[in-house]
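Two complexes are shown next, each including chain A; its partner changes from chain B in the first to chain C in the second.
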Partner chain A sequence: MAAAVKLAGKGYDVALIERKEELGGILDQCIHDGFGTKIFGKALSGPEFAGHFMDEASKLGLDVHLNTYVKSVNAGGDVKELVTVSPRGVERIKARSIVYAIGCRERHPFEIKVGGTRPAGIYTAGMVQRLVNLYGILPGKRVLIVGGGDVGMIVARHLYLEGVESITVVFPEEFFVGLPRNVQQCILDFNIPFRPRTVVKEIVGKERVEGVILVKVDENWRPIPSTEEFYPCDTVIFSVGLVPYAKKLRAIGAEIDPRTRGPVVNEFFESTVRGVFAAGNLVQIFDYVDDAVESAYIAADGVEKYLAGEGRLDNPVPFKPGSNVRTLTPHRLEWEDERPVVAFLRPAVEGRAWIIVRGGNGEILKKEFRQYVRPSTLERIEIPREAIDGAEEVYIDVAGV
Partner chain B sequence: MSQEYEVLCIRCPKGCRLRITVEGNAVHVVGFACLEGKRFGEEEVRNPRRIVTTTVRILNARYPRLPVRTAEPVPKDRIRDVIDALKGVVVETPVRRGQVIVKDVAGTGVDVIAERDMEAVG
Partner chain C sequence: MSLESKVRKALRDFPYEIKFEVRDGVVFLDGEVETYQEWVEIGLAVGRIKGVEGVVNRIRWKGYPKEELKRKEERRRKLYEENKDRIIGEYDVVIIGGGVTGTAIARELSKYRLKVALLEKATDVSVGASKANNGMIHPGVAPKRGTLKAKLNVRGNAMYDELARDLGVKFKRVGSLWLITPRTLQKYRRYLPGPFYKFVSAYIFPYLVKLKGMLNGVKGIRIIRGEGIWKLEPKATREAWAAVYVPSAGILDPYELVAALAENAIANGVEIHLETEVVGFIREGETIKGVVTNRGTFLARYVVNAAGVFADEIAELAGSREYTIHPRKGVILLFDKELEGWVNHCVTELRFPAPAHTKGGGINPTVHGNILWGPTAVEVPDKTDTSVHPEEIEEILERYREIYPDFPRHRIIRYFAGVRAPTFTEDFIIRPAKWVKNLLHVAGIQSPGLASAPAIAEYAVEQLRSMGLTLEPKPDFNPHREPIPRASEMSLEELDRRIKEDPRWGNIVCTCEMVSEAEIVEAIRRGARTLDAIRRRTRLGMGTCQGGYCTLRAAEILSRELGVPISQVVKENGGRLFNGTVRGEEP
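Entry: the complex of A and B
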C-alpha cells in the first residue's frame, strides 16, 4: 500500500493486487497499540495505521483488485505479465515494473522439532490473534504459549484480558527476546507466569490437547536429561518466529539470501530480476512497521528510476555482513544516485556498540555509536554516497564497547 | 513502611531493570542508566497508565468483532474495569475510525474509540 500510494501520488498508473477481501494485510488483527511511533510520532493500533494508508489509497483513486490471487508472473522482459484469478475470472495484467509486498509466514511446530501427537488445540500465534480479535473466539481455557518474542507476549496479554483461565509462556532463551516494553506491558503488568530455558518436547492428547511434556534446556538449547515434566493444558500456541514468504520470488528466478531468507536486493530493494522490487517483511523481518513502510518508499523510488531508465553502476558494489552481523540489506549497490543508502542489519551481540562501515581493505568509511543493540532489534544506518565512493566492496561490522 | 517494586524501563530499547522503593511520599529509584529512566520509574509507581485495546461486538459487519481502544492511557489498575465495562457493548454498522464507542468508560474520564471503519454487509 505504501509503495502504491507513493507511486500513484506521483502520477504513475498503479494497480494494487490483494488476495484478501480488504487492504491492510496482517494489521487488521494487530489491534494493540505501538504502531507508527517513527512516522506519525504517536502509538497507533494496527488497524489505525493501515487505515491511514487506505484513506490515501482511496483519495488517489488507486486501481485496487481485491480477492485476487496472482497465479503466475512472467517477469523476464521489459513488459511483465501477471495472470490473476478472482471472482471476475482469469485476467491478465501487463506492467512495466512489479513491487512484491507479500510479507512473511509464521514458523510452525514442524520446524522446531516438537514430538508427540497432533490433536485439536494447536495453533500459531497469528491464527489465535485472528480468532480472538476478528471473530471473538477464544482458543481454549488452559493455554501454553511457546516462544518469548513480541508476538507471543502480545497474544498472552490479549488472552489474559479476554478471560483465558491459565496462561504460561515457555522459551529456550534465558529471558524474553522481544522488546522490553512488551515484557513490561504484556507479561509483568499481569503477572503472567513464564518459564525460561524450557521447550516443548512432546504434545500429548488424542482428540484434543491434554497437555505437553516440557523439558529444560541448557544455554545451547540442548535438553537436560530427566528434567521432563507433564504440563496439563488444552491449547498450545506456537509463536516461534517469522520467515519471509519468498517462494513466489524464487519462482520467477530471483536470488534468495539464506541469512534473511528473503530476496537478494540492491539499495532500492530491487531483486535480482530487473524491474521486480520487494518491500516489507518479504525482504526481512522488520521490528517496526515504520521501517517496513520506509522500505516500500525506497522501493517506490527505485521503480521510478527503473521506469525512467536511469543509469546503473558499471561495477556494482557488494555489501557484506562483517563481524557480529547476522543479516544485512542491501546486498549490493547498483544504481547511480545522490541519496544516502539505507542499510538494515541485525546485530549478533547485545550491549553498547559501534556500527562500522568499512571497505574491503579495512578502511573505515563511516561509524555510528549505539547506546544499546540487541539481536532482536533490527538496526538502521544511513550511509552517504560520498563515504562509499570508490570502494570495491563494503562490510558492516558491529563492535561491542 | 516501605514498598518495593521492580519494573522494566520502556523508554528506550535498552530496557533497564529498575528497582523502586516507595516510603511515604519519597520515591527512590535505582538501576537506571539515564535521567529519562529515573523519571519513568518515578511515574511508573506513582501513576502507571496504559492504553487498553480490545474488541466489542458489532452487527452486520464483515467480522463479528470491532477493535477498539481507550483514546488515552488509563490507570493500570483500571484495565480490568475497562474490559469488563465493554463486555455487553454491541454496536451497529457503519462505524468510522476514531468514532467514540463508549464515553467515559468505567468512570475513568477516558473515551473508548473505534480503531477502524466497518461497513454494513449483506
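Entry: the complex of A and C
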C-alpha cells in the first residue's frame, strides 16, 4: 500500500494486487498497539495504521484488485506481464515495473525439528492471532508458547486477557529477545510464567496435544541431558520467527540472500531482475512497520528512477556485512543519485555499540553510536553518498563498547 | 526333524524358559523375557523356521502394557454389548480396514454382483500405513524368491499403468538406481584384499543383484557405470563404482490412490462406513455371522481382515489368531518442492548386509515434485507410535548425505512416521483362516504392500472364490474415476473457463500449492470430512509454509459446507482443530 500510494502520488498509473479480500496484510490481525511510532509519532493499532494507507489509496483512486492471486510473472523484458487468478477469471496485466511486497511466512515447528507426534493443537502465532481476532475462537485451554520474541509475548498477553486456563512461555535464550516494553507490558505486568533456556523436544498426544517434553538447553542451545520434563497442555503455539516469502521472486530468477532469506537488492530495493523491486517483510523482517513503509517509499523512488531511465553506476559497489552483523540490506549500490543510502542491519551482539561503515581497506567512512543494540532489533543507518564516494566495497561492522 | 524339535532348537539360543505349542503349523509362544527387543528376536527366530505358518507371540516383556491392554479390551467388550443387537444390514462380504489393501479389495469386488461393505474406524480412508510411506511402486527385486511378497510385488507393479490410468491417479515410472560404492560390501572388506574388493563390488555384486531380480521375474534390469550413472543422476555421489538400474520402479501419491480406489468402489456400489470400528464378531460354531462395530452389526457371509497393524487383534476377536504383528516404525523426511530435479529416480546405496535401522530406505522424488529421505525401520511396541524423535531426523540426514553430499539438507518442510505391519514369518499372509470358516486374512502387509496392492486384491478375491464365494461379473462395472481437477495444473484457458462457470475456482485458498476453494468444496463433496482429509485430496497446506496461512480459511469452508460451527471442525479422528471457548458462548 505504501509503495502504491507513493507512486500514485507521483502521478503513475498503479495497480495494487492483493490476494485477500481486504488490504492491510498482517496488520489486520494485529489489534495490539505499537504501530506508527516513527511515522505518526503515536502508537496505533495495526488496523488503524493500515486504515491510514487505505484512506490514501481510496483518495488517490488506486486501481485495487482484491481477492487476486498472482500466479506467474514474466519479468524478462521491458514490459512485464503478470498472470492473475481471481473470481473474475484469469487476467493478464502488463506493467513496466513491479514492486513485490508479499510479506513473510511464519516458521513452523518442522523447521526447528521439534519431535514427537503431529496432532491437533499445534499452531503458529499468526494463526492464533487471526483465530482469536477475526473469528473469536480460542485455540485451546492450557497453552504453551514457544518463542520469546515480540510476537510470542503479544500472543501470550492476548490469550491471558481472553481467559485461557494457563500459559507458559519458553525460549532458548537467557531472557526474552523482544522489546523491553513488551516484556513489561505483556509478561511481567500479568505475571505470566516463563522459562528461559528451555525448548520443546517433543510433542505428546495422539489426536489432540496432551503435553510436551521440555528440555533445558545450554548457551549454545544444545539440550542438556536428563533435564527432560513433561509439561501438560492442550495447545502449543510456535512463534519462532518469520521468513520472507521469497519463492515467487526466486521463480522469476531473482537472486536470494541466504542470510535474510529475501531477495538481493540495491539501494533502491531493486532485485537482481531489472525493474522488479521488493519492499517490506519480503526483503527482510522489519520489526517496525514504519521501517517497512520506508522501504516501500524507497522502492517507489527506485521505480521512478527506473522508469525515467536514469543512469546506473558503471561499477556497482557491493555492501557486505562485516563483523557482528547478521544481515544487511542493501546488497549493493547501483544507481547514480544524491540521496543518502538507507541501510538496515541486524547486529549479532547486545549492548552499547558503534555502527561502523568502512571501505574494503579498512578506512572508516562513517560511525554512529548506539546506546543499545541487540540481535532482535533491526538497526537503521543513513550513509551520505559523499562518504562512500570512491569506495570499491563497503562493509558495515558493529563494535561493542 | 519335526516342527516341534526345530522350534525347540531355535529357542535354545535364548536364555529364557519359553513354552510353546504348535497347532496346524502355527506356533504359540509363552514366557517372560527382559526386553521388547528380545521379544521381537525370539519371534523372528521361530518365524524363520521352514514350515512355520504363523507365530503367535504371547511372551511378556518387562514393561508389557498390561493395564492398557485390559482397558482396551474392556472398552471393546462394552461397545460389543451395546451394539451387537442393532443390525445395520446384510452383506456378501464385509472388509475390515480402509487402507490401500482394503480399498483395493473393495474395488476388485465391486466388479461382481455382490453386496459389499468396507468398515474403517477412522474419519477417512488411508489413515494407517497407507498415508505414511514413500509412495514407491517397487519393481520386486528385493523380496526373497518364492515368497508371496515377491510374486505379488512383481505382478502388482505391472498392473499399475492401467490402474492409475483408470483411476486418474498420477503415476510415474521413474526407475530406481541402486548405487554400489566403497561402502556396499564394507563388512566383507577384510576377505577381499586390495583391488579385489573393488572388483567384486563393481563387477560381481551388481550381477548378483540383477540375477536375483531376474529370478523374481523383474525385467529390464541394467548395470551401469561411470558417466552413465551421473547422466541419470547428475548430483549423486562421485564415489559410485556401479549402479543397478531398474526401469520399472514407479512413484505415486499413496493417499490419492486410496481415495481414488474408495471413490471408484463406491461408484460401483460398495458401501464405505467411516468411523465404524470393529469390536467383535457374532459366531455360530466355526462361522462368523456378524461383524459388530460401534455403530451396530453388519451381517456377513464372508469377512476380509485387512486391518493393517491391527490384523492380529481382529483375527483374535474372530477366533483365529494365527500370527502376531510386530510393529515396525519408519520415519520419512520431506523436502521442499523447490528442490525438484535434485533427485529424479528412486536412489539408494546398496549395503550388504543391510544396516538395521535404515534397511530398504533411500531417497526418492514424489509425483508432486517433493523429495523424500527415508524411511528408518525401528521395532516399536506401540502400534500407533508415529512419533518422530529428533535423533531419528539426524540419523536419516547422516545416513543419506553420503549419496547426495551437496543436497540442501536444511530445506526439510515436514517429517512423519508410519508403522509397518510385519508378522514374524515376514511374508504377506493371504489365506483363509484356519479355525474360522468364512474369514480371509490379508495380513502382514508390510512393504511393498503399496506396490503389491492391485495384485493382493486380485489374489484375495481368488481366495474368496476358493472359499465358496460366487463371483458373477457385473456388466455395468465402471473402472473409471475422474480426479479432482487442480487449478495449479490446468491451462490458463481451462482455469478461466471454470472460473466463469464457478467463481470459486478463482479463490485461491492455499498459496504455496495454489489450491482453490472449488477444489476444497469438491473434496468435501467426495467425502472429506476433516482438514487432513482435505489436505490429502487437494494438497492444501502441504507446501513450504505448512498451512500457516490457509488452515483457517479451509476450516471456514469446511464449517460452511458441513453445516457445523468452525469450533467443531476436526483435524483428524477425535482431534478438533480448536479446543478453546468461542467468544459469546459459554465456556
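Definition applied: the second predicted complex is superposed on the first by the 401 of 401 C-alpha atoms of A that agree within 3 Å, B and C clash if a C-alpha of one lies under 4 Å from a C-alpha of the other, contacts with A are read in each partner's own complex, and residues count from 1 in each chain.
Rule of thumb we're sticking to: contacts are C-beta pairs under 8 Å (C-beta built on N, C-alpha and C of every residue); 3 or more make two chains touch, one makes a residue touch a chain.
All figures in this text were calculated on a predicted structure; none of them were measured in a lab.
Overlaying the two complexes via chain A leaves chain B and chain C side by side, clear of any clash.
With chain A as vertex, the superposed Cα centres of chain B and chain C define an angle of 110 degrees, given in steps of 10.
With both structures placed on the common chain, the touch criterion links A:E174 to neither chain B nor chain C. In the superposed pair of complexes, A:Y135 makes contact with chain B and with chain C alike. For chain A, the partner that touches more of its residues is C, with chain B and chain C as the two candidates. In the superposition on chain A, A:D33 makes contact with chain B only, not with chain C. Of the two partner chains, chain B is the only one that A:L161 touches; chain C does not reach it.
Of the two partner chains, chain B is the only one touched by A:V183; chain C is not.
Once the two complexes are overlaid on the shared chain, A:Y69 sits against chain C while remaining clear of chain B. By the touch criterion stated above, A:K113 is placed in contact with chain C alone, chain B being left untouched.
Superposition on the common chain places the nearest Cα atoms of chain B and chain C 7 Å from each other. When the two complexes are superposed on chain A, the residues of chain A that touch both chain B and chain C are 134-136. Of all the residues in chain A, the ones that touch chain C in their complex are 19, 67, 69, 71, 83, 85-90, 105-106, 108, 110-111, 113-121, 124, 126-127, 130-131, 134-141, 163-164, 201-202, 206-208, 234-235, 245, 247, 250.
Taken in their complex, chain A has these residues touching chain B: 21-22, 28, 31-33, 43, 45-48, 50-51, 54, 132-136, 158, 161-162, 179-181, 183-185, 188-189, 371-372, 374, 377.
Residues of chain C that touch chain A in their complex: 338, 384, 386-390, 392-393, 412-416, 487, 492-493, 495-496, 499-500, 503-504, 506-508, 511-512, 514, 516, 544-549, 551-552, 556, 566-567, 570-584, 587.
On the chain B side of its complex with chain A, the touching residues are 7-10, 12-15, 50-55, 57, 62-65, 67, 69, 76, 79-80, 83, 97, 115-117.
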